[in-house]
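As written, the chains take the letters A, B and C, and residue 1 is the first residue of each chain.
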Amino acid sequence: MHIIVLMKEVPDMEKVRFDTEKGVIDRKSAGTEVNPFDLNALEAAVQLKESAGATVTALCMGPPQAEKSLKEALSRGADEALLLSDTAFGGSDTWATARTLAAAIGKIGTYDAIFAGEKTVDGDTGQVGAQVAQLLALPLVSYAESLCWEEGTGLAAVVSLWDGFYRKTVTGKGLFTFTKTANTPRLPGVRDKMKARKAVIPCWKLADLAGHLDASETGFSGSPTKVKRIVIPPAPQRQGQCYRDALPEALDQLETLLKSKHLLKEVEA
Amino acid sequence: MNPAHPSILIVAEPQGQQPHPVAYELLHKGRQLADARQATLDVLLCGTPGMETASLIHRGADRVYLMEDPCFALPEEQIFVAQMTAFLKELKPEVILTGATSFGRSLAPRLAAALNTGLTADCTDLHMDENGRLVQTRPAFSENILANIMTDTLPQMATVRYQEFPQAMPNPEHQGEVVRLPLPLPVPDTGVVIEKLRQLEVDITKASVVVSGGRGLKQQDDFAMLRELARTLGGEVGASRTVVEDGFISKDHQVGYSGHRVKPQVYIACGISGSPQHLAGMKEADVIVAINTDPSAPIFQVADVGIVGDLYEVVPQMIRRYGGTWPVL
Amino acid sequence: MKNREAVIEKMKSITGPDWVLTELEQTLGYLYDETEPLLRPKADETCLVVKPGSPEEIAAIMTYATESSVPVFPRGGGTGLCGAAIPTLPGIVLSLERLNKIVELDEDNLMITVEAGVTLEQLNAFLSKENDLFFPVHPGDEGAQVGGMAVENAGGVGAVKHGIMRNHIKGMEVVLPTGEVVMMGGKLLKNNMGYDLLHLMIGSEGTLGVVTKVILRLYPRLAYKGTLLISFETRQAAAKSVSQILKQGMVPLAMEYIDRSASQEAADHLGLTWPAEKGSVDLMLILEESTEDDLFDNTEKIVDICDANGAVDSLIAETGKEQKVILDIRSNVYTSFKEKAADAIDMAVPPAHFPAFLDELMQVVDQYGTQSPTVGHIGDGNIHNIILMVDGKLPDYFEEMRQAMYEVAIRFGGTVSAEHGTGRTRKAFMPLQFSHREIQIMQLVKRAFDPAMILNPGVFFDEPNGTESGLTGIH
């Protein structure tokens, strides 16, 4: 079995600073890390490798320094890693990203399943996995909370959708996205980490995807959605109103608040 | 199709035989967009035979395109996308809005990819600019920034956050048309076998309202009162460490440093003094309401609305006032 | 109290009526700390709780208390483990919670001035947002208040490199029992005039004065931090590795020892997973270096030493979240055993004696045919053993076994309490560690600060007998 795990390098969200006045995100202030949900996807793949035998390839699109995340993937059990990095890929929205990843997967050719995180913590869209699935005409299992494999049946995941939990079993190839509850990603062993730090990560550029991806399909020019403006809203302040011996007034204010959040079901005036 | 009237189309998700209520919120916003664009406000609803559609018309839909078939009984995005795509390629709406529920966030990207267009996720606001193009506002970077996004291709597609907009109010006078559509395609074999396992359980970390009880509760049974308030507001019940340790309620409900960290839209602390351990678990709630007899309780320092009073008087009044039932003693 | 009503009225006149709690349902949350329920003394339920808003109000309360001989029990976050915050006589519980402001961040002198009621969580959140400085002491529960951490001389994880509270406190504003407000120390790294009252106040457990402001030293955050989990099959192999690592001149931020049974219990309690699976005990080491290469060079050296001692696995956490999971589990060991622990012992010995000490300690435990889940700040020679309840009660052998354990520590040149304090639950063991004359001098010091003997009576020394007020003092 060959599993491709899609990964993204993201800023450490606990450390990113936002300048409310200038409207700037200071990405440099934070270190980068592997998108936490992608570690769940990787862990699911590595568990499958241990239980059923599989080869795991980590695939990441990003700037050259994103090879750090791929080394992290190697230290956590991936067998191979591949970086897609080219200035031509810069500025891709989810659609252009999905097309670039799908092109690379097309060039890799053989695989049995694609795993990805439920979403990334910076973009927070959760779209890329689903779009890759559509581009490759694969069944999609979103929000996998557990995964099992049975010889002759295929990969099965429990997902939470609509009003309950469903088991989705994919008999052939499929794309799965994983939630944080799917597993607990293992920590890298120190010796594995040392080895991965010295690994050489292959990198494909746009030219390497010739025949699979046209320049017009990736990067800023291949992106149908464009960010026009960014606003950094100030942190909300607590209203700090305190009511004593004034319950009716308190309940009035609370009602206004609940209504503003649409939490009251059509209480007619 | 009338090219003179572009279509703003809402994809409604089935919830049993009803449309999921996020569709009513999309009708509220969709009506504003349709008016600004002089467009018709349409809904596409796929579900099992016998879907209820009148509520969509009453809340402002000009047309409800209804596809009914048993193939829509399970949450299989591929089937929905295949059937919808065939129809939408004909209708060519200018805008497609989908509720950003789990299912919607999984379905819309496939649909956008199938229609070869862009998609903006989890929008919290939408408006038409002077050229009649859709400006989509969405939070990113863990809610720290708001980005305004526009789409170069058609249709302009967005998923919209649930419980962000009010529901369009029903007006029985509003006229609309239900257009029944046959399945455009045979039901494809998707290669996925789906079975339902069980209903959802309590997860206070996902609740939009958490009503929590603490030391101010005299006995275990009094949680019933908090449960009713939570039910009335569509939320879940939480608890402080003390009452969990006293065995009033299970640890699944504990909020705090050694319990769950919750970030609901509204957190209502009943008889909770607000130890640092507790505050660590709930201080990121959008709105904090505190009810406590002790005016010096630290919880009041983080509360948006503080009520100095006895929760046994305050909570029953809140329940009755906000649409629940609680006996008057 | 002879005249509870009069005390209430006086307190209300000082702080305003909102800040005086008199009903038990309101005061109950202020009567106990985190001391083991079977060991803690019973609190006096007639105590009132007062929440002053300024040092001046505290001064007025102390002046009145001294004049009227009303006991005062200062209270911080209530996270203590020696009963030092449990009011055992009728009196006033003085909560510092309203003194919760960060007063000044002095980035040039690497110091921060905070009010006593600022919690550790508040301090750490402020520092991680504002700048590249950090405060190293982490006693586990981030609800602890800085004032309480100062008078309890808290330690915890992270003391190997930077030390304990005593090493970071440069100055304190203190309200004396007689009502004067004094500033002890200042933003000074050297200060050699007279007796050092500041260091007498640190660790005084609320018996000498009420701390209202603290000046803390801060340290630049180094860019590369990693948490190592190194697993062994035996306690001895882990303990031996620690002294070898320290001897090589490597100084991790933290060096923790954790029985797997304890880490798994704590992980289950929090709904988390302890990352290590092989072996039966773990060392948890936090390294902090200025370059990534330094981090991995030291990591490799440490793992080489541990492997030579038979380590069975070594893992590294580098992301903030993964490191926090490990620290959170470690910090919650005590909480997770709360329903099973009769006592959590807090002994320390000179670090190099630790392996031999641990062997003898476990022989004592074996003699009683029981288990004692163990965690510890092993780099500091400080260990916490849990004596388990039997059928929800103190076991028959409890006193005898505990005494035997303490005697082992003393024989190794150790102490009964390394960081949790003496308070009300360990004062019986003062004679095990101190001579009669030393204890006498301590009592005289107490009287010098607090002539009416009103401040936190019952800590270190027994309460005077049979008096509600007008305490007669100790001779």
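For the reader, a short list of remarks on this structure follows.
In the analysis below, contacts are C-beta pairs under 8 Å (C-beta built on N, C-alpha and C of every residue); 3 or more make two chains touch, one makes a residue touch a chain.
All figures in this text were calculated on a predicted structure; none of them were measured in a lab.
Averaging Cα coordinates per chain and for the whole protein, the chain whose average falls nearest the overall one is A. Of all chains, B has its CA centroid at the greatest distance from the CA centroid of chain C.
Simply put, of B-C and A-B, more C-beta pairs touch at A-B. A straight line joining the Cα centres of chain A and chain C is 41 Å long.
Chain B and chain C, compared by their mean Cα positions, are separated by 45 Å.
Per-chain CA centroids place chain A at a distance of 22 Å from chain B. Those residues of chain B in touch with two or more other chains are numbered 295.
The part of chain A that touches chain B in the complex is made up of residues 11, 13, 16, 18, 25, 93-95, 98, 121-131, 133-135, 139-143, 158, 160-174, 223-233, 236, 238-245, 247, 250-251, 253-255, 257-258, 261-267. Per the touch definition, chain B reaches chain C in the complex via residues 215-216, 242, 257-258, 273, 275-277, 280, 293-296, 298. By the touch rule above, chain C contacts chain B in their complex via residues 18-19, 21, 23, 25-26, 28-29, 51, 77-78, 97, 119, 121-122, 141-143, 269-270, 332, 335.
If you check the complex, the residues on chain A that touch chain C are 12, 14-15, 33-34, 36, 184, 186-191, 193-194, 197.
Chain contact summary for the complex, chain B toward chain A: residues 15-16, 25, 74-75, 77-78, 81, 102-103, 105-110, 112-114, 117-122, 135, 139-142, 144-153, 163-167, 169, 190-200, 208-209, 233-234, 265-266, 286-289, 295, 300, 302-309, 313-314, 317-318, 321-323.
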